[in-house]
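Next up: the structures, one after another.
In what comes next, subunit A is part of two complexes: it sits with subunit B in the first one and with subunit C in the second one.
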Partner chain A sequence: MSEGHEPEKAEAKDELKAGPFGQFLEEHGIPSRRLPDSCGVETIELDGKHLEAAMKRLRNSHEIALNFLVSVAGVDSPETYDSVYHLWSYSNLNELVVKVRVPKASVPEDRLPLVPSLAPFWPAANWHERETYDLVGIRYVGHPYLRRILNPWDWEGHPLRRDYKQLVDALNDKNQFSMR
Partner chain B sequence: MSETDAKIPSGASESVPVSIPEELKDTVTLTTLDKAIELLSSAVDPVANWARSNSVWPLTFGTSCCAIEMMCVGMSAFDISRFGSEVFRATPRQADLIITAGTITRKMAPALVTLYEQLPEPKYVIAMGACTVTGGMFNDSYSVVQGVDRLIPVDVYLPGCPPRPEGILDALLKLQQKIRTESLAERRKRAYRQRAVRYVDYDTGRPVEDLVAEARMETAEALAEATGYALDHQVRKV
Partner chain C sequence: MSTETTSLPATGRLKTDEMIINMGPQHPATHGVLRLLVTLDGEFVKHVEPVIGHLHRAQEWQGQNRTWFQYQALIDRVDYLSGMFTSWALCRAAEKIDGTEIPLRAEYMRVMVAEMNRITSHLLWLGTYLIDLGAMFGFPFYPFREREKLLDLLEAISGQRMMFNYIRIGGVQAEAPPGWFARLKAFTEEFPQRVDEYEAIVTQNPIFLKRTKGVGILKKQVAMDYGVTGPSLRASGVPFDLRKVKPYSVYDRLNFEVPVFDGDGDTWDRYMCRIREMRQSNEIIKQCMEQIPGGSSDELREKRKACNSCDKADCPNCGGDLRIMTKKQNAGLRIKAGEGFAAVESPRGTLGCYIISTGGDTAYRIKWRNPSFSNLAVLPVLLLDHPIADIMAIFGSIDVILPDVDR
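Let's turn to the complex of A and B:
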């Protein structure tokens, strides 16, 4: 994380105390930051380098047992690229949202933001990560087959990015008042 | 020698319609055969068209919600078989009609073109639903083709989101009218120019035309470089 993020981090820590999942991670020596709850579900932010360890702990521990990866999604926020993971526990019937945020300033031009992949140890993430790569353009490091999954293989750009501009060609020039 | 060689790639790409030279005009050619067929067809057409219009077999082609209505029209409540279209064929080679029931995305487009090209002539298309007429409510989407008429020629447009089964029957009746009134010559005139059945190279996912053009350009470049006529290519590289 860049220097500019540190003060903001400290402030937020004062505001929001770590929830049960954040405390659990802290007990195991994994730092996390609590974000405002999303729809009443605890939301934490992790650093990319702790992601794999944290996910393995959350999945394998007996009392937490967040062993169902509901989805991997991507968000193009104004300042950051977020990779969002939803975890669900069938034994405890509770939920956790994990975010890995890559500041846009740290991503060089013509490069994609890098986030470690879960696919090698959690196969459910495989297609979700491909989809996120396809539509939002987050490169998952360590993914076994990071190719486009929904769009044709030769698509240019990532359609759900804020700066995405689609070329107008013979297949989509009917609507002159398009919002594109 | 080098000049003529370099010209081959660009010149060969245009296909010129064959014209019959003057000295061969009085021999029996395909055109005279065609004339005979046309004469015959004025007698045969009414019967053939009547038979054809009463056995329009659709292809099972449904890409989204409109397909539900298409299934409905095949079931007993609406029963499309009253009009001779009872058999939904699962292969284009046995069908006469595509009812494009559902949104066509850019990824689906090459598949639709391939299916259409595999239909035997005479072939007909009903563009069913707002999506296949204009793109419908996904008009603005990055992935949707704004109407199948951007890909294949359409005979009957059937708007609605989705159209009622009665609408499909109406479109079918309109198509039957069209089939009954057209002659062989008319059909020939609007015949679809076959591009290639393998429109897309399935290994690379790219249009064959593009691959061929690329190969041609590389050949031209190699030729030009070998013979020293490389000026404009060098400029492009810089």
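Let's turn to the complex of A and C:
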């Protein structure tokens, strides 16, 4: 069932021109890299160390006002662990997708990828980051209370990782296609 | 002589200590299974830690391991009081990535069933909320009377009472059965008087006012910081409703208002916001029935007798805007590679779905942005310094549904 589901690697390595939000960040000295748009919404990649500064700029700027953190999603991509932030605005129509990517090669065995947390200055991120930590296994550095939220507190492993295996297959362990 | 048990501290007051009380997860007023660890100082709440996840069914994991066709039937269960909206969010995200065009008649059908579903959800909230407040005189039977009528109609069109699986990727599942539009019309005409009935009992009731006015105040800035959406946000004075702000489907062709309150919203404002929303939803349904291309299902059926329901794309009675489905519904349903985020305005707020597809028959990753999840996160702020008796009054007023929180 899971054959042929690896996302295609980006073939075109051409640098895309920075969009309006990328230019805004560049004016304030924050480097970003533009990714292909996701369904017409500007998508940028940020370095983890610039994340906090960039988010504060985007949120507090009066004309951009990306003050609605819709969701924080964790994605286990083939080569990277992605933390995806969807930003909207309560007062205008701006939309932006921010991605922080941690290459899998840079993460040591038995360690989790590290991404700075937004929760200390943006409460909306608190539960979403806990959920991403729980399900995808991204450790948000600086989070005030990074505990599992949907799974029990003593759960082992991160279920939305591609290599996650359930310890006990309760429903049917004879059928190899049943639950894995 | 031991005086330890009777001695008073130097201040002359009794020595007090904070106390931790566990509420739930089986508490009858928690609308499912929510556990609250409440730290109390006397009767007043000093800290709350919501413990969620008791209903976690791994819906995101299921999305990666079920085909699209299986998953769109499963996803109504996320928010079982408003299943139309979860299907709609999934379908909108998938259609956005896929570039699927939806026929106009299907869009109107979607808006109609979704607004009916919004009314049923608000009616259930109204009935149970009065019980949360201790109104044990049988009030819930009033809203449930209308809710059952709407659920009968939804059952007639989709085959299921609550888990509809009606909105599908590419359109809607089926045409309305004979007489359905007439029954719905009769309902929309009597419904405003029914809302007047509820309001006559509840809105200016002195006990209700004492329990709700000035209780659980949600400041505008706090609501925005926590990502609160839906009626809870609009009662706090932020005019953010996706149907108006980023109109999707055919909402830009419909004439309706979004109730917004001035200043910081309390529990009563949130109640009032939902009551007004129900009236607006009723108006939307009326307008849809007038505007829908092809008219009612009975008229359309009459017209289709001429061409013997040929189902050809260029037929003036069957094709074009009058179709209800553009994608084949079978196990081979596939979505093009790409990623996208789409949201709809559910009764509880912004319900979003983020999909990464690789062109296969299952998703690579599905992330749900559930309004209840974000709205519940603000609960510790709302409860602070309130007496323990108000916990359920405030918790009920943000209209959280636990399967939607836990997925």
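In this text, the second predicted complex is superposed on the first by the 155 of 180 C-alpha atoms of A that agree within 3 Å, B and C clash if a C-alpha of one lies under 4 Å from a C-alpha of the other, contacts with A are read in each partner's own complex, and residues count from 1 in each chain.
Note that in this section contacts are C-beta pairs under 8 Å (C-beta built on N, C-alpha and C of every residue); 3 or more make two chains touch, one makes a residue touch a chain.
Please read these numbers as outputs of a predicted model, since none were measured by experiment.
**Q** Please name the chain, subunit B or subunit C, that touches the greater number of residues in subunit A.
**A** The partner with more contacted residues on subunit A is C.
**Q** Considering only the touch criterion stated at the top, classify A:Asp154 as touching first (subunit B), second (subunit C), both, or neither.
**A** The answer is first: A:Asp154 touches subunit B but not subunit C.
**Q** Touch check for A:Asn67: first (subunit B), second (subunit C), both, or neither?
**A** A:Asn67: touches subunit C, not subunit B.
**Q** Between subunit B and subunit C, which residues of subunit A are contacted by each of them?
**A** On subunit A, the residues that contact subunit B in one structure and subunit C in the other are 150-152, 159.
**Q** Give the list of subunit A residues in touch with subunit C in this complex.
**A** Interface residues on the subunit A side: 1-2, 4-8, 38-39, 41, 67-71, 73-76, 84, 86, 90, 93, 97, 122-124, 126-128, 131, 135, 148-152, 159-160.
**Q** Which residues, counting only subunit B, touch subunit A once they are in their complex?
**A** Going through subunit B, the ones touching subunit A are 106-107, 109, 134-135, 139-140, 142-147, 150-151, 205-206.
**Q** Show me the residue ranges of subunit A that touch subunit B in the complex, using the header's touch definition.
**A** Contact set of subunit A toward subunit B: 150-154, 159, 164, 166, 170-175, 178-180.
**Q** List the residues on subunit C that touch subunit A in their complex, please.
**A** 52-53, 56, 58, 60-61, 64-65, 96-97, 224-227, 238, 240, 245-246, 337-343, 350, 352, 354, 356, 358, 360, 362, 364-365, 367, 369, 373-374, 376-378, 406-407
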